[in-house]
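Notes to accompany the following structure.
Going by the order they are written in, the chains are A, B, C and D; count residues from 1 in each one.
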């Protein structure tokens, strides 16, 4: 038996380690340094209907135990993504989770339909942290009804399971999670970045050209753990946890909060080999903590949640 | 002229450095180590109508570049606070900002009325991150109407200016800020802690007895800066900024985002002398950055905001 | 209490994962009572809470002190890498240590320690011995590899050891010695270690002469944050509890709820 | 590209706030083109983004390389405290350096550097000189205290220096030398420094033979995060830009929008 294997809708993963969306491109760059078939899955860069340039630079700033990014969804558009980027990854034995973004419900529908057609795309990660151009720029992910609406559209278009990626910048994440579960989501992925800012003391202006950016890294891990813990107690669908994962202890903390797999974002920048290292180190740490297999841990945590009720 | 002096409603401060509420008790402990008259002001520990024991321990946990706390508003109740704690601080030449908490609007009214009577209390900091027992436990600070209601009650009861302390755990902090401004708030203080959690890998349970706790420290500074920046562009009342201030650069970054004074919380635990050190180091850093006086900086930032419109 | 930069004189791993760190500095002048503690800043910038560690020995003459600690997590691991000449930012001495003024020459003192609760008893034992108090020690360790300071304590009185797995001396809990004291009737009992051990000691002996050293997670270390509280016995007000850092860490068993 | 732990051989402050750090390790075997860069992990755990620093000199024989950097913020300040025997986690060599294959002995190369943009030109100058290319340098510094490596570059060709405040050599911008090259007609121009300097160089010389080294904040350093982009000239698709880390850092002036 593979102690690291985990099973989620559409995703039979040999291990739970998944590079997070936007932190791994379409794999081609890291593919030069290690065999991507080692990975549990790959969450690809956000894909939109049309090609997008993204924001002006500076797009990055550092913060204590974290970083801000404002890349702005740069990507070559769904046609190139499907015809080239997904294709190039077919040589690896690794399922893709395609991160889909848009500015209208129709955008999401169209992109979900097309990315579903790539044979190696086994699931969609619905990035609902985008402003809805028809609703005055309110983010889809911050209003339960809007989140539900875009989830329904994605489900109608997609032929693979849909994981909705929740934004942490909300008053009540449980309410959003329940709304997208009711709308048919097969799973959740959480958390996306917190909105933050840094100011340059010399220019007295925000460092990022976009002014605000998304905060990720260990700094946000306590917020991620709290949200996963709360949502795992409110929904039945599985959660892919992320936010500040750097070590095997972080991976296991996510599981104990209620996650069934784990995304790794910023850590790839600190150590490009972090994902294979985590996969290699997990068994020993599991031994020390008396964890036979991750699937067993998932079941025990679920059992614990049922007993709390 | 005093380069460090700043002027806010009810508060003519010799410098902008204010120990944040809950991180400095009622001053008596730090008062053993340095002269509290050095400080711009002191934000006292949250005061409630009745004495409160607070939460069980563990009440603290560490996180990357931050910490979680779940003290649970332990305090001896408003009567003891007014008759003893405020009294003891009268020997110092330092204004108090009394942090007021409650579970009903009536609580807030009663406490604001009484703390106003202490001659050294020059302002109230209204802690609206408490659950409203009459509204199903929803936090006052997360619903604009509730935040406005408790602000109106405080303003009716208080004879000193009222600063409302905003919670960052909301979808739209600007909306809350505008609501409390419209309800008569004289100023804002922001941010309170982000809700977070850590899990102990050995017990597989949350470290804190209260399960969740408030995240503070440098980890949250980018979120604080972003929120201060956004709110400063939406309201006219002044902001006391806080969240992760450790260095003079952090102090000045808060000003450039739009703050008019600065609260220092967790940093007191890392270095008990941090507040006097910041006060001492500010002038040199201001020289390096070409800042004549903080009041001038405040005016320049305000001017900049007006020009953006 | 002061904040000071102390110099590392020496660091040795004296048992598995247990380090003895000798520090030098003016601050030693302020140290007196046994089991006060230092609040230590971990070198680096991501771990921002200080670590409380008891003072195990005071060497006033050389202005040196010793702390003994187990590497538990990231903070103690980083501290364990310090070597001679490195510096450490410490706050201290903090808290009230064990009282000894009520004891006189010829009195009997029982010292009960578990694991990493043993080191703070060293300075206590030394001071009691110097006073002419008869000292008996009962120490529990996990296993043979983690036993330390047996010889050092022997200089001051009998040392009874138990290990959880029986790999050294008697197997089982240290409490087994409480019934085998051969007529040694303690005038005071001093205990430091896990909560179970403290509870056992306060059940076995008169809680008015039993002194317990408490442990709680700390932030400020000086009484301001109310992070480290423990419950007061028979308290009259809801908000009334002790802060381990300033009201303790040592309490009489009759004062607190374990 | 590899990730490696390199050893500090030596570190010297060669001008005000400018440090020369000599590193040793296998990684040097992979280094070749001038102005590739290392992506350096700052020791400690709170600064998690690596710092990109150009390789200033390659000493293949001793498996050593030199980087020269200015202490700007927290990261470079921490790195500047390293001393002999310390280790550093580096990723590299990354990026495409300056191309030199198109030049042959007897050709003319003009090297234009501003401040901390000067060091990456050192290995370039060395390699050009070894090839028999005639090299002329035009360097701008803030003031006398920040001038460095004048002697070292002189070994390869003439060095023209300007300082902002005139405290050393000519006062003003380095661009003033562009009109005083005394008949030296460059076959290639290589520039490294602030944007203003790069823009001036690409206006003064044929943009098809002018090579600019670009600087952008970086996260991954290997092309994956799209943090470090710069605009492509005449690009055909909205999403089409260059990543400084993998497509650069050196671009021909005609390829990019400054």
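To be clear about the criterion, a contact is a pair of C-beta atoms (placed from the backbone, for glycine too) under 8 Å apart; a residue touches a chain by one contact, two chains touch by 3 or more.
Worth saying up front: this structure is predicted, and the values here are computed from it rather than measured.
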A-C compared against A-D, more contacting pairs: A-D
If every chain is reduced to the average of its C-alpha atoms, which one ends up farthest from subunit A? C
Chain-centre distance (mean CA atoms) for subunit A and subunit C, in whole Å, is 46
Rounded to the nearest Å, the gap separating the Cα centres of subunit A and subunit D is 37
Centre-of-Cα separation between subunit D and subunit C, whole angstrom: 56
Between subunit A and subunit B, what is the separation of their C-alpha centroids in Å? 34
Overlap residues in subunit A, where contacts from two or more other chains coincide: 64-66, 217-218
Which residues belonging to subunit C are in contact with no fewer than two other chains? 45-47
Are the chains arranged, by touching, as a line, ring, star, complete graph, or other? complete
Going by the contact rule set out above, which residues of subunit A touch subunit D in the complex? 22-25, 28-30, 32-33, 45, 50-54, 57-62, 64-67, 69, 71, 74-77, 217-218, 266, 268-273
Hey, which residues of subunit A end up touching subunit C in the complex? 64-65, 218
Quick one: in the complex, what on subunit A touches subunit B? 63-66, 68, 142, 169-172, 194-199, 201-202, 204, 206, 211-212, 215, 217-223, 225-226, 229, 244, 249, 252-253, 256-257, 289, 301, 304
Touching residues on subunit C, where the partner in the complex is subunit D: 44-47
So in the complex, the part of subunit D that touches subunit A is made up of which residues? 1, 3, 41, 45-50, 91, 216-230, 237-241, 246
